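Quick notes on the structure that follows.
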Amino acid sequence: MLIEAELKEKKISKDYGLFTFKLYGDLENPEAGQFVMLKASDEPVLAKPFSIYSYKNRELTLFIKRVGRLTGKIFSSPIGEMFYIRGPHGNPYVDLIDGEKQYILVGGGSGIAPLNFFSELHPTMVYEKFYGFKGSYIRELFTEKEQRNLIIEEESGKTVIDVLKDIYSEEIGILACGPVPMLKNLPATSYVSLEAMMGCGIGTCKSCAVKTKKGVKLVCKNGPLFRKEEIIWEWI
Amino acid sequence: MLIEAELKEKKISKDYGLFTFKLYGDLENPEAGQFVMLKASDEPVLAKPFSIYSYKNRELTLFIKRVGRLTGKIFSSPIGEMFYIRGPHGNPYVDLIDGEKQYILVGGGSGIAPLNFFSELHPTMVYEKFYGFKGSYIRELFTEKEQRNLIIEEESGKTVIDVLKDIYSEEIGILACGPVPMLKNLPATSYVSLEAMMGCGIGTCKSCAVKTKKGVKLVCKNGPLFRKEEIIWEWI
Amino acid sequence: MGVDLSVDVFGIKFRNPIILASGPVGFGFELMPYLDFSNVGAITLKTVTLKPREGNPPPRLVDSHGGVINSIGLQNPGIEGFVEEIAPRLKELKTIKIGSIAGFSMDEWEILGEEMDKIKEIKIIELNLSCPNVKGKRRWAEDAELTQKVVKIARKLTNKPIIAKLAPDVTDIVEIAKAAVDAGADGLAIGNGIQAMRIDVETGLPVLKLKTGGLGGPAIKPITLAKVFKTREALDVPIIGIGGIMNWQDAIEHAMAGASLLGLGTAVMVDPEAPVRIIEGIKAFLDRKKIESFNKIIGVAHKGGLNVH
Amino acid sequence: MGVDLSVDVFGIKFRNPIILASGPVGFGFELMPYLDFSNVGAITLKTVTLKPREGNPPPRLVDSHGGVINSIGLQNPGIEGFVEEIAPRLKELKTIKIGSIAGFSMDEWEILGEEMDKIKEIKIIELNLSCPNVKGKRRWAEDAELTQKVVKIARKLTNKPIIAKLAPDVTDIVEIAKAAVDAGADGLAIGNGIQAMRIDVETGLPVLKLKTGGLGGPAIKPITLAKVFKTREALDVPIIGIGGIMNWQDAIEHAMAGASLLGLGTAVMVDPEAPVRIIEGIKAFLDRKKIESFNKIIGVAHKGGLNVH
């Protein structure tokens, strides 16, 4: 069901922003790793996937990078603008990972969105958080406490991958979401959350195909989380 | 030049509304009868014509009837929404009518828009005003003084044409804007302001053709005002 | 007021004219939590090919102003997989099932036709002659003779109603439509996506890995609508109008142009409940216009419009 | 940085690739208060026919999601009126003038070609083989043979560069394009509006009095882009890319697909200053990408993209 979503609050720093929507309907038990399909009232026609960054009392917060038409529209919309969402879609991370382990959350750019929700819902499963960004300007979107997890290349010269290397050990799991080059640099056993162009978000249209060692899978229906070693990266 | 126009105020009663936009640029000496081409930021693609209802200090007011996609969007937009306008286009009524005469302004529905501006700019040329509407709900868009000009069919059982018949005499001119059936019922010498589907609004695209006894004319370039008797109504 | 939305075509009674077009809804099962199938007239299943296909490499989908371009490339389990895994479950979908097939040779069409004919749950067979997304292949529906050949083969194999799904982006759709009907097609689906592409200006390369894909969505509505209109002008055969139907107005436009059934592709992909919304809208429209049956508006644009009646 | 936007084609140097497509800007004069013509590469004048035409009865224009459908019907003063009233004033337009003509018979093409050839201010002649809006007439560009015949006639009459304006909505545009080039066309314009229609659901009648019209605007961009791409793949002849170019990204996409010049129709109708905005955008893009000349991006989508260079 499409739920009306009214833009209530926005906090923007350059090409990133936190957007809170008031929903005129409920998301049923949203879990970290799940996403909503968000649609503008006219253009673009397509609904597009965004991970849940936070959800409470019909207030949905998304962490969005401006890259194109829909995200551009969200950034420039006045408060009060109406969008539509449906979801949650996709599998909760907790259903796909080893529940016994603790995890280092490795995020890059807008990929931190589902990780934030994960650490809100499952704080005891979190060993450490590394949220990587290029520029310092990102700081203004976060509280001082949150900023401690930021790895800002412009400041330290280091990427999340560099920092990860210093502390990584086999007993700890890795749960990562971010750009493909980042994901490719992770240990084989990492869980990686993939993005793909999506049509339906529910497994019917076959747009979001990803090739794995067990055949072609769908990011929306089988993912978004996969074992890094299972992915045939050349196909992406 | 497209001027940014920010929606500042709206007052809606069912399918009619008054909308005030703050312009980030000037309209040059707008005159009554002239129109602006108003465009939404994405959909519809086409800019559409609206008569100037009022203009002061970069504040443009339009009187709009909701009939389709663009007008629907204007009605549902939150305050702060950005549109684009250009103009003024079309000929001022004063350039096309006999300047010596006084006029009865006969408006129907959204057709009252240019007449309102005319009576603001040229009060001494106005003999009387009849603004016709179907339902009483329209009253709430107007001040008590303005309401005196309203002819509301639901209340009096009379149309503007009925009322006009009672007072019309040859020395007084008629300046009318409204639906075609209303215009067709006016005396032959009336000046009628026509509507047409427009593409450019400046005379280049030939969309807004109207057939007259002197050949095909363009509403945007040669009008919008024509002598009723010159129009070949069958072509409309 | 009880408005009658049912449509009788191919000797089959559809409870309403809104059907799901082939592809965006797959075989329908994943849609069940979102859509009560007993609300729609029919579902056209995802096209099945002889061999299993994994589809084209991604990206397979990109949007454009007013539309969506896809190059899925007929990802499906092949006819064997379909017969074994999908067919037995079709009962779960509480509406009429239209099976869609696409062969790459005459032999393939023959096998596909035979197999589909055997599946009891499939009431109608649609021949996808127009997939815009198969690498290196011309579309059958670009050529009247080829269209005729394929339909003839299918006609010999089955007594079920046959629908020929045509490409809207051909010079003369009426010629192709006539060929299909002459060869025995009971109806026409107009049409598939229109070949289209986007280029990523940052890289200078086509966005879709296949380069081109099929454009669907509101952008193409006025184009396919004109094709439905022209075909209906020339031929008296049931037409499934497809292309950019996103709301009840679009649906009514297609019906007035001459379509008896109305297929949703992009709309249902974007919003699984679009069919319900559109059906409600059609009902309300007919109600307001005091038209007692949907049948009355089919093709009225050819007959002087609504007020003549 | 000085980015070079100039394009050399047909032995003519265009100061930049943005040109005004035929029609929406008429003969250009009414546009002069809004657009400094010395900013655009060229103007294609409104198509001229042998006899004066008053065009189709209204409505002649209606919008649709992502586009605008028009059925103006070539309203123009006829070749005599053009020669007498328009031609003498063309000097006022400070850019290259492309004359556009459309004949309804071979004889008409001949007269039109002769007359256009004589007008000194006209540097290039475009043959409008594809107007979607002439009642009861098939479009020349639907047929390779007819296209060839018309181009041949024109070729005999003039030494000026000839552009064949094609219809994007044909089954195989490459076939038609080849025919035009074989017959002596120096370039191709791809393309005209796509046949389309809308129906008013309240009346049940087509909105346009002519019933159908030509769809332009962003809705058709990915469609004509694919046609430009395919034609360029098959033929090495200058192409004017037309269809839905509304912003610099659209323009760059068309160039990357293979267009040397970029024609604006709907964009300039909606916003007379669109050409300036788009040219600035192209400049900024090339600047950012450190590409010194617009020529470098023409057709890169065929050559491995931007990064190869």
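Each chain carries a letter (A, B, C and D) given by its place in the written order, and its residues are counted from 1.
Throughout what follows, a contact is a pair of C-beta atoms (placed from the backbone, for glycine too) under 8 Å apart; a residue touches a chain by one contact, two chains touch by 3 or more.
The structure presented is a predicted model; accordingly, all values stated were derived computationally and were not measured.
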Assembly fragments, subunit B aside and the remaining chains unmoved: one piece
Relative to subunit B, chain with the most remote C-alpha centre: A
Approximate Å spacing (C-alpha centroids) for the pair subunit A, subunit B: 50
Length of the line joining the C-alpha centres of subunit A and subunit D, rounded to whole Å: 44
Rounded Å distance, subunit A centre to subunit C centre (Cα mean): 35
Residues within subunit B bordering two or more other chains: 42-43
Residues within subunit D bordering two or more other chains: 65-67, 218, 246
Subunit A-facing residues of subunit C, complex: 23-26, 28, 30-31, 34, 46, 54-55, 57-63, 65-68, 70, 72, 75, 217-218, 246, 266, 269-273
Subunit C contact footprint on subunit D (complex, rising order): 64-67, 69, 142, 169-172, 194-199, 201-206, 211-212, 215, 218-223, 225-226, 229, 244, 246, 249, 252-253, 256-257, 285, 297, 300-301, 304-307
Touching residues (chain side subunit B, partner subunit A) in the complex: 41-43, 73, 76, 78-82
In the complex with subunit C, residue positions of subunit A that touch it: 1-2, 39, 43-47, 69, 84, 86, 196-200, 202-211, 215-216, 221, 235-236
